[in-house]
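Have a look at the structure that comes next, please.
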Amino acid sequence: MKSVHQKENFTATQNACNLCAPLGAAFAFKGIANAMPLLHGSQGCSTYIRRYMISHFKEPLDIACSNFGEETAIFGGGANLKLAIDNIRKQYHPELIGVATTCLSETIGDDVPMFIKAYRDACRDDALPALVHVSTPSYQGTHMQGFHGAVRALISTLAESTGACGSPSINLFPGMMSPADLRCLKTIMTDFDLDCTLVPDYSDTLNGPLWTEYQQIPEGGTPVSALRRMGDATISIECGLVLAGEKETAGTWLKEHFDVPLHRIGLPIGIRQSDRFFELLSTISGRPVPKIYTGQRGRLLDAMVDGHKHLNGVRAALFGEEDLVAGLAAFCAEVGIIPVLCATGGGNGRFAQAVRCVVPEACHDRMQIMEDVDFVTIEKTLEKIGVDLLIGHSKGYTMSRRLKRPLIRVGFPVHDRVDGSRLLHLGYRGAQQLFDRIANTVIEKKQEKSTVGYTYM
Amino acid sequence: MKSVHQKENFTATQNACNLCAPLGAAFAFKGIANAMPLLHGSQGCSTYIRRYMISHFKEPLDIACSNFGEETAIFGGGANLKLAIDNIRKQYHPELIGVATTCLSETIGDDVPMFIKAYRDACRDDALPALVHVSTPSYQGTHMQGFHGAVRALISTLAESTGACGSPSINLFPGMMSPADLRCLKTIMTDFDLDCTLVPDYSDTLNGPLWTEYQQIPEGGTPVSALRRMGDATISIECGLVLAGEKETAGTWLKEHFDVPLHRIGLPIGIRQSDRFFELLSTISGRPVPKIYTGQRGRLLDAMVDGHKHLNGVRAALFGEEDLVAGLAAFCAEVGIIPVLCATGGGNGRFAQAVRCVVPEACHDRMQIMEDVDFVTIEKTLEKIGVDLLIGHSKGYTMSRRLKRPLIRVGFPVHDRVDGSRLLHLGYRGAQQLFDRIANTVIEKKQEKSTVGYTYM
Amino acid sequence: MSSTPILEARQSQIHHKGRDPFEMTCDKHSLAGSVSQRACVFCGSRVVLYPIADALHLIHGPIGCAAYTWDIRGALSSGPELHRMSFSTDLRETDVIFGGEKKLAAALGELIDVYQPRAAFVYSTCIVGIIGDDVAAVCRKVGEAKGIPVLPVHSEGFKGTKKDGYKAACDALFKLVGTGATEDIGPVSINILGEFNIAGEAWLIKKYYERMGVQVVSIMTGDGRVDQLARSHGATLNVVQCSGALTFLAEMMKETYGIPYIRASYFGIDDMAKALYDVAEQFGDHPDVMVRSREIVRSEVDAIMPEINRLKADLSGKRAAIYVGGAFKAFSLIKALRYLGMNVVLVGSQTGNQSDYATLRDMCEDGTIILDDANPLELSRYIIEKKVDLFIGGVKERPIAYKMGIGFCDHNHERKIPLAGFAGMLAFAREVHTSATSPVWQFAPARRFQGPEHCRSGVAGGLLCCSPCDGVIPGALALEL
Amino acid sequence: MSSTPILEARQSQIHHKGRDPFEMTCDKHSLAGSVSQRACVFCGSRVVLYPIADALHLIHGPIGCAAYTWDIRGALSSGPELHRMSFSTDLRETDVIFGGEKKLAAALGELIDVYQPRAAFVYSTCIVGIIGDDVAAVCRKVGEAKGIPVLPVHSEGFKGTKKDGYKAACDALFKLVGTGATEDIGPVSINILGEFNIAGEAWLIKKYYERMGVQVVSIMTGDGRVDQLARSHGATLNVVQCSGALTFLAEMMKETYGIPYIRASYFGIDDMAKALYDVAEQFGDHPDVMVRSREIVRSEVDAIMPEINRLKADLSGKRAAIYVGGAFKAFSLIKALRYLGMNVVLVGSQTGNQSDYATLRDMCEDGTIILDDANPLELSRYIIEKKVDLFIGGVKERPIAYKMGIGFCDHNHERKIPLAGFAGMLAFAREVHTSATSPVWQFAPARRFQGPEHCRSGVAGGLLCCSPCDGVIPGALALEL
């Protein structure tokens, strides 16, 4: 297995395979009930990020901005931040404002925690919303760092321990998965009869119904009150093999400050990773895995056997967020797909190890694992090594088109299909959908290329 | 709207768009717990039908046969039927044997009810399985008649009334839908806290897990004991706009003999037909529609609005079983797809009316509705009138290939994809999946044809 | 349910090599109520005639027989594809009461007008004789009117077994033979019989013979054409594949035209080579034919052996089961599997005869199960008993294997990959390898009890079954509960 | 939540025609904390220069600015497609600390070597000035070394509004103008400015002018080429579309090269025709140009009117809202919508100036809302208040309309359908019609209260909203409960 760093070859980034940290932070804040994200920087940051997320979620996506002008860059953003918070409060009446910095406010050295403290101190208003700050200079890390950073900031700012001891309750940190994934996780928790605080939970805020009246802030999300109670939980679960190597996360904070035990697992993608997740819940709840899930698992395995020949030996390239790719690699290996390339725009150095850990050794010498890589490098690599299909987000379409290989759309963003919010990756049903989509795509392409056009398999 | 009968133009049937009645009967019997279908006729009937259903379900599909020889045709099939029942009992120990006739046994005039009576009389064995007979000469009606006939036969043979009056219980006759559809219906009933007997229920028998030990008859299905209790139910619900015009069905039998009220609705496909189904259950149960379904409905409508431009005005051809096509036509009209052709191989004369009833009048003059039609006629019609996409089962693939129009696979059979059993048509989730599949297909084709290759919508 | 009961009446059709004395019953009508994997007479006829691509195939009967046989076989054509259509008189109740002759005549007439076939076959299904239709008379009349051969095929489903269907098809074919011109046919010439050109296999075989310098007059019935059939009596030799499907025709041609025939199989390296050498031997007065055949075998085998050997490394020692239509194919498969290092522990056929089963017995090791006209319960019982890793059969056997977590290779007429010829042997090895080395079996509950053996590494292809780390996260904080 | 609060500081940017005295504030930096639909300076520059397809566009800064603008616009090229790539120096923490000049020089050098562009634009993003990079110096050095123009674009996001970005882009463009040969340029010649060839619109426009006998020297910047820009000073006239994006350049060319300019809009039949006539008038000494322009207008209008009229029948009386980037486009859209029988009840822009808004006020009926730099809350409030049937805007406005069950037409740079020119007017009408007549609105809770009016039949296209029978089954047994 070759682990390649693109930066060794090229200075410029060409068609990036990652986004910037403020996007991730806004994404996470969108999952808190009655919350408003506020980017501390130029107008463009929030507008671009809104546009990018709207194309995926197809929902109103208000993200405020402190809207730096030239004077702001000179005199600092304190006044702008105050004005922005005032205006947001007047228009949106939020319970929480999530302030994420940008490259600009970070570079000029704005002391946002101090600004916030000053605002709090000056404010005698009882209805002051929670003010959560996360530092997300876009020159540091990717949108995933922004996302996990915002989640940690929410916890470190709000979580408390009342010492109350009730029925088992779980803090669940699912990572940046789809609304369908979050709904699926919540249903699983309910079916285990477990009390769960999911952070963040944008399953309603970014995937809601039509409205009768306009909603300043869409309904749904993790309640701020629930965030405050998280120090009392029985356990924290953090999903993501790569995230598991991170020293400072929401989970570690809860562990250190409130001694909430932390359990780290991979994203429950594919059979084994889902098994671990369900086994864990079974242990915590003291209940067997509910029948509905053993049923899903049984039918999934049956389907995998029925369709195994379509996928065994198929060469796939996976790209996107580190933890998602690692999860997909695990799934691929279970059905015989060879992940000949696993690539991510992230670059925290733990990606290769995570992938290696879920793919059988016999396969390692047929894989390339690339961190901190862009699409031009990915495409060049694939031209060289050859590939049957691509699994990743919509930004891979241009490459897919040039390589004449189908793209199975997963993760974020899905800009060129209607179902980005509804894609399910997690659990047995997620694996089932991945399996069906991939197998059907392989069959379809074979059928189209065939001069015969067989009507059966 | 032109309603055309193919038979007026051509004598031969070319690439039939329907199957024969014994298949439908076997299909229905497969949904009864511990039951074995037995075709009374030549060996080929059962073998061909098994092969055809295996290619769809990808499950062991044992269907026995009385295996006529030359002497049988001369001396009658009584002895063969007896031997077949004996042998099935020895090998399979079924609780029920469903005997469906074929063209051969019908043409030679076998009196199967008498044979069965004789067998019963001769048998002093307490463990005698239930013996259910349905007359299914393949020269009469299609597989749908066989299916509904078998369902009626099950009820008329087994249903009793004990006079017991408990909590509300429902007899639900869902028609020939997918295992995923049946599972969906059962979950809905559970969520309304309704006691329901679903007939038939092959959601496990034809879509089960891998086995530890070989199962002569796969687990699952409607219990024979539940069939016996159906006379006690609060209400019967029969799904299918075309079926609703049928005078003799399982539902009418229960009405006539046990005065079980019968409610007939369309298949719950699309918004309005699903609404009627949920409203009905709400009335019966005295409960509001559970939140999970209002949530699904809300997100579905939101998705329909987000994607409406991809589908409004798209010209689609629908083909397959009458009731499925009528349901799909209703759904299409709701999202703006013009069902320019609705075609079925069935020919009971009520199809056109059913389709008309769910498609807005403004659209009628742009539609053709064809009964008793084959694929050659369908294809010729489409060459003339033009179409953007096809919605129907796998046997339309050849046509789709020649017309260079995508085929959205629904119903039965799905021989050239892996997920026939898992296709969901019913309820809001079914509509969501139909919507996503159709919209994504339209987008994909546009994207492929475009010289630009836009990466966003 | 662990021990599936075997019907008493079926005991004589099951042989345990090395345990029982050999007294195999076969050629029997399937037992009523046993779920035979066999089809019917109609199926036999349809299989044989199906690949004749420029003929009209009209099925006279209710719709089922036509619907279930529409384009379900991989028999390819290099030109017309009329055989991929499904035509039926689609008899209805009134036809059954008043007779179907008029409808048949009308259907035939209009189809011939539209599709302009070179000949037409009319298949009788179960009820045709019973309702009293004189199909032969209708065929004669329409044939005369349209000026093409219109041939009745007496394939009523219940009138015998699949083999009787082969015979009915051969009878129809024989009426075409001898009606064409033979002037340009040389002395070193053959007909290929019983090769259906599944996935283009006949094209492979034909090319071998042509490279040997042998003229192939007709392939009966792969990529078949009526005109070729009509002049096939001009060939010097008939080469018959398949357990007897076309033997009836070969016999008739021998009797009427004095054309000798030999049997052949094109599956596996040994049998494929033998099929070439045997033909070459028949043309002993042209020694160059044998020279070229040896060259072909050498170069073809050289081309595939490196990969075959790589695949073999993963397959060696695995246990295989074979259940196919004809016993002759089973002989070849046993050899081909052994070539890949695999052990055959179960073998059976739908239509084998006494001598076929004797041959199988002689080929097999002690402990092997030999089955005639088996059913799902028997097959499932023995593949578990024999701890089979790979099952070779057809669509109806596939789910039996899969439910028990056993690999599978489709060797029936639905296959989409050419498995005949030398290239086909490589494709076969790949196909077997793909299934046997898939990681999905690690999840099969029925295989768990076999221990880790089935879970071996796939070096040449496929993935290891068992993940090395299995989700334990390196570098993560200690896990707690 | 029914009455959305409007921020006091925003009141002066909202005008109720017929209610308030007209005193519109505009050209203001967006208010902190209001969720403006505007972007930044960088966005303005990027929009203008984006369609230059044979230039390298390198974004100097952290990755976000490049990632969010990768291939997101429908500006087509007939040849090279370098503009569809996203290049960034992807500044990291160390670059921010130690400066990004070296990285910029290296990135520029290697990209120019690989892609061989005809020129390069280097976009400065927010932090570039703050970390002290001398971008101009790097550009000069690399430009000299590589022998192509390397032009810095001063587009730091916070240094002004989108309009300042236009200006920065024009400054960069102007450095290219005047560097090419102009010998073969005739006197009847124009440059097209501010037409970005979205979905090929520039090609349509260009063809009209060419059919008139007018030479199009350069389309700045649709399907743009560096060489064309370089010789654009040879044209006799500049024709400027878009509210001022390219006006800066036109002014500079007027000053330096004495080239006069006129404004034009290509949306809607009236404005499109006017754009042709206005150019023809400028070439009064060539009367044949005007004659041909009239012919073009006549034939093009004749070609689209029958269908336009059919679509109009369904659209007449529906209420529309417009919120677009430039006010000039809003003028055209008001006319185009009226042409389709629709009433405009809300109109606004991101970048209009005082005189733009005065024009809008004059064009609009009493009761119309006029907005500058609006935000989602204002837009949603007024589209509900005004019972809008159709919203015309960009991606960020779309979900606002949809959530409230209101049709939508994307008239922003992401559109994939050409809406300019006569053919574009038809496409626009179709697009509007497709959305407005979709049956999905019948299910929108917010529209239910508007009564059945929105639910009218779509005669020419689309479906009726309300199903006639709505599921009551004819011929069914009586329903019971």
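The first chain written gets the first letter, and so on, giving A, B, C and D; residue counts start at 1 in each chain.
We take it that a contact is a pair of C-beta atoms (placed from the backbone, for glycine too) under 8 Å apart; a residue touches a chain by one contact, two chains touch by 3 or more.
Just so we're on the same page, UniProt names per chain: A, B = Nitrogenase; C, D = Nitrogenase iron-molybdenum cofactor biosynthesis protein NifE.
The shown structure was predicted, so the numbers you read here are calculated from the model rather than taken from an experiment.
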Any chain in contact with chain A as well as chain D: B
Inter-chain centre distance, chain B versus chain C - centres from mean C-alpha coordinates, in Å: 33
Between chain C and chain D, centroid-to-centroid distance (C-alpha), Å: 65
Approximate Å spacing (C-alpha centroids) for the pair chain A, chain B: 40
Whole-Å separation of chain centres (CA-atom averages), chain A against chain C: 52
Touching two or more other chains - residues of chain B: 55, 58-59, 210, 301-302, 305-306, 395, 398, 454-456
Per-residue overlap in chain C, given as positions that touch at least 2 other chains: 71-72, 399, 402-403, 405, 443-444
Chain-level touch network, classified as line, ring, star, complete or other: other
Of all residues in chain A, those that touch chain D in their complex: 10-16, 18-20, 22-23, 38, 41-52, 54-55, 58-70, 72-73, 80-81, 83-88, 90-92, 102-104, 107-108, 137-140, 142, 210-216, 376, 395, 398
In the complex with chain A, residue positions of chain B that touch it: 55, 58-59, 207-210, 295, 297-299, 301-303, 305-307, 310, 394-395, 397-398, 401, 415-419, 422, 432, 435-436, 439-440, 443-444, 447, 453-457
Contact footprint of chain A on chain D as seen in their complex: 1-2, 4-5, 7, 9, 29-43, 58, 61-72, 84-93, 95-96, 103, 106-107, 110-111, 125-127, 130-131, 157-160, 376-377, 380-381, 384, 395-396, 398-400, 402-405, 443-446
Touch list for chain C against partner chain A, complex: 71-72, 74, 76, 399, 402-403, 405, 414, 416, 431, 434-435, 437-441, 443-444, 457-459, 461-477, 479-481
Residues of chain A touching chain C in the complex: 235, 241, 244-245, 252, 255, 261-266, 271-273, 276, 283-284, 301-302, 304-306, 308-309, 312-313, 330, 333-336, 338, 350, 353-354, 356-363, 450, 452, 454-456
